[in-house]
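Read from first to last, the chains carry the letters A, B, C and D; within each, the first residue is number 1.
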Amino acid sequence: MSYKEKIARRAAAEVQPGAIINLGIGIPTLIADFLPDDASVLIHSENGILGMGLRCRRGMEDRNLIDAGGNYVTLNTGASFFDSALSFALVRGGRLDIAFIGTLEVSHTGDLANWIIPGKYSPGIGGGMELAQKARRLVVTTTHTTRSGKPKILEQCRLPLTARGCVNTIITELAVIDVTTDGLVLREIAAETDIDTVMERTEARLVIPSPPPIHF
Amino acid sequence: MTINKIKPLQTCLESVTDGTTIMVGGFGVPGTPFALIDRLLETGCRELTIIKNEANEDGMGISKVIEAGRVRKLITSHLGLNATVIGMMNRGELEVEFYPQGILAEKIRAGGAGLYGIVTDIGIDTLLAEKKERINLQGRSLIIEPALRADIALVHAAAADHYGNLIYEKSARNFNPLMATAAGNVIVETEKLLSPGQLVPDQIHTPAAFVDSIVQLESLGSEYGILEQHVL
Amino acid sequence: MSYKEKIARRAAAEVQPGAIINLGIGIPTLIADFLPDDASVLIHSENGILGMGLRCRRGMEDRNLIDAGGNYVTLNTGASFFDSALSFALVRGGRLDIAFIGTLEVSHTGDLANWIIPGKYSPGIGGGMELAQKARRLVVTTTHTTRSGKPKILEQCRLPLTARGCVNTIITELAVIDVTTDGLVLREIAAETDIDTVMERTEARLVIPSPPPIHF
Amino acid sequence: MTINKIKPLQTCLESVTDGTTIMVGGFGVPGTPFALIDRLLETGCRELTIIKNEANEDGMGISKVIEAGRVRKLITSHLGLNATVIGMMNRGELEVEFYPQGILAEKIRAGGAGLYGIVTDIGIDTLLAEKKERINLQGRSLIIEPALRADIALVHAAAADHYGNLIYEKSARNFNPLMATAAGNVIVETEKLLSPGQLVPDQIHTPAAFVDSIVQLESLGSEYGILEQHVL
């Protein structure tokens, strides 16, 4: 299992039965593979689907059935289609229980920055800003550091924000961290790591709870 | 474990208390959730704020709750077919706030869509505009209408599945799909209960995400039937 | 044929093939009986119908199919149902070709007053304000005077307005009058009347065109 | 004489001129009106303003019109799958105005609903809010987003009747029903043409009143098919 799959598997455990969830592009997309198989969770896709299934196996594609990233997908029992206005009414109106989202940076107060690197990367906004700001719970799934090893979990975001104070939980290959009024609380750490390693790779100060974080 | 939002009629309104704000679907008889309204009356809760297109006709539906003195404020569009409620309004026994019908619909829709308001010119040259918040936009003086949400929405559907996917029938659709998005607790009575998968995904009017409880109607009472005074 | 039916018949002649129209309560409702039978006109009803038919004959009522006044109606070919938001989107968005509406008063500049008599009659607003303000063409169908014989077509409305400058044409049992930048132009008069009678029963000044009004 | 809005593809875009503002449905391939877009390209009109969720992928759909230098301004949500158009934007060859996807949808819907704008808090703490009109409502500082309308909307439907009643299929619905309300001239390409009465009134997604012209697609070109780069 790749580290991305490990993150996705741990993230899937955050989903309660009956939840309405949205899976952003990147690692969040992998979460679908680790959800229970019994249609007890409904996946929302920004392009107007509730009850989206897994990615479609080759040869079974329906030209009219894609996710928001353009991938061909299947449909689960209880699914419905709707227009783009209702799709985001669902998000902004408070009916999306959890959004899983990737990020470039996240701050110790739960600020999220994932949509623009001025002068380098500015493909637009998409649905991310609304998902970040309005999901009842926002779970960031991300590698703990950048490819060059720099921390992504910072005291303050340096990049322009997607939304302020929106992140509830951060899940990486090393740790599960909750954003609380007391700061970033290290809820769990990966089996193969230790608290010192996690703290070293995190710029923001981490609160070590008592009892200490369990392994996942 | 699949999703199952079915609840018994007797317990579906447990969260109503004195002072609750409740949206009620329907435009005339079609789409009015008479069984849920009767249950609301039985709760005995008072000082309610009701949001409904009209107040049904005298002695029917939401009018029964208003006539019983349970409603402090009614947010509505037109009471032309209900002399009893107009009388209560005129005697000061009921506070009534009127909106143009489509603006009432848009205010509710905006609440459901997580917007804070809409900008409109409807009623701009009338009494209605007098106390409204204004804004200048593109050289026009316009009205800001704040969004409307409720604690509870009572909705009537023609058919529902256990997930809470809904379809409405003919002119019984009206305010129901809008109100089904605009409350923290959306309670639906349905004429038919279908197994998940029986509704065609392209034909669903209200997706399951918006619905909290489904009550299956055992039978349709006489209030759901033809109103003799409107027969040719 | 009653005078109301005469007004309705003359009003029906204003409807072009392909038009989307709305018929208010009272005299406007009768217009449906005088429209062509070939589904070339679609009638909009505020409660979410396009393609509404005539009032339903006794015994054929559908409990879920009423017009905005509560009457049981039939459905024409090409009909559709929608919610109350889309119903008025159609009106405000400029897709309603003609609204026919009754009135208490109308002014020489096309102001309409038909929703409230302070202290006496205030049942609410309904859809009338949006229909008056936003129909591409607003045709008032009304008796020329009140029951007590007082003019309804005034220099200025005395009652609170429904909408300012919204009326395009006024059709009564006596006359067809267009609201123009030159004032109220007497386009047609009824067969059994004359210009003097119409002017006598009209408070607002009427412009007599040349050639003079034809009979209807 | 019944209503018949069928037009030939060759003449359906006669009202497009240089500088026209055009909404184009679709989210990726599903719902993109490729045949109407090809016809738009053939008109040779320039200085267009295009409103579309994204710019399709390089070399496809609306991207062809942009790549041909016909578009002055693109109002959109995200260009992540189109490096060519991002390059044009970065080199200053194309003006691009970005909105959050659901706010773009609501701006279009508001235009279609004859509203002048919406009030929202989306993007309130970001760069986006910097040049926006603000309003204080119920103690909050909020953004006014003006409504969007276009001269022409190009829409793809799964089926239509001669009146202009439309249905969409699966995720091809997306922006199409919204845009179908928000332009003075709504032109629809349809995969299937049905006789009036064949569509079930409760299942119609766009009522006939909003549609001006219907073009029946003889066949679906390869652009409508499966995109190999997205196959697992």
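Here, contacts are C-beta pairs under 8 Å (C-beta built on N, C-alpha and C of every residue); 3 or more make two chains touch, one makes a residue touch a chain.
Just so you know, these numbers come straight off a predicted model, no measurement behind them.
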{"item": "Set of chains whose contacts include both chain C and chain B", "value": "D"}
{"item": "Pair joined by more contacting C-beta pairs (A-D or C-D)", "value": "A-D"}
{"item": "Between chain A and chain D, centroid-to-centroid distance (C-alpha), Å", "value": "29"}
{"item": "Mean-CA-position distance for chain B and chain A (Å)", "value": "35"}
{"item": "Separation of chain A from chain C, taking each centre as the mean of its C-alpha atoms, in whole Å", "value": "56"}
{"item": "Junction residues of chain D - those touching two or more other chains", "value": "106, 109, 113, 115, 120-121, 168-170, 173, 201-202"}
{"item": "Per-residue multi-chain contacts in chain C, two or more chains", "value": "81-82, 85, 88-89, 91-92, 134"}
{"item": "Full enumeration of touching chain pairs", "value": "A-B, A-D, B-C, B-D, C-D"}
{"item": "Chain C-facing residues of chain D, complex", "value": "1-3, 109, 111-115, 161, 163, 165, 181-182, 184, 196-197, 199, 201-202, 204, 207-210"}
{"item": "Contact set on chain C toward chain D in their complex", "value": "17-18, 20, 38-40, 42, 44, 50-51, 75, 77-82, 85-86, 88-96, 134"}
{"item": "Residues of chain B touching chain C in the complex", "value": "27-31, 53-54, 57, 76-81, 86, 90, 96, 98-106, 108-109, 120-123, 125-128, 158, 168-178, 205, 224-227, 230-232"}
{"item": "Complex contacts: residues of chain C adjacent to chain B", "value": "45-49, 55-58, 61-66, 68, 70-72, 81-85, 87-89, 91-92, 116, 122-127, 129-130, 133-134, 160-164"}
{"item": "In the complex, chain B residues that touch chain D", "value": "106, 110, 113, 115-121, 133, 135, 137-138, 140, 142, 144, 146-147, 167-170, 173, 201-203"}
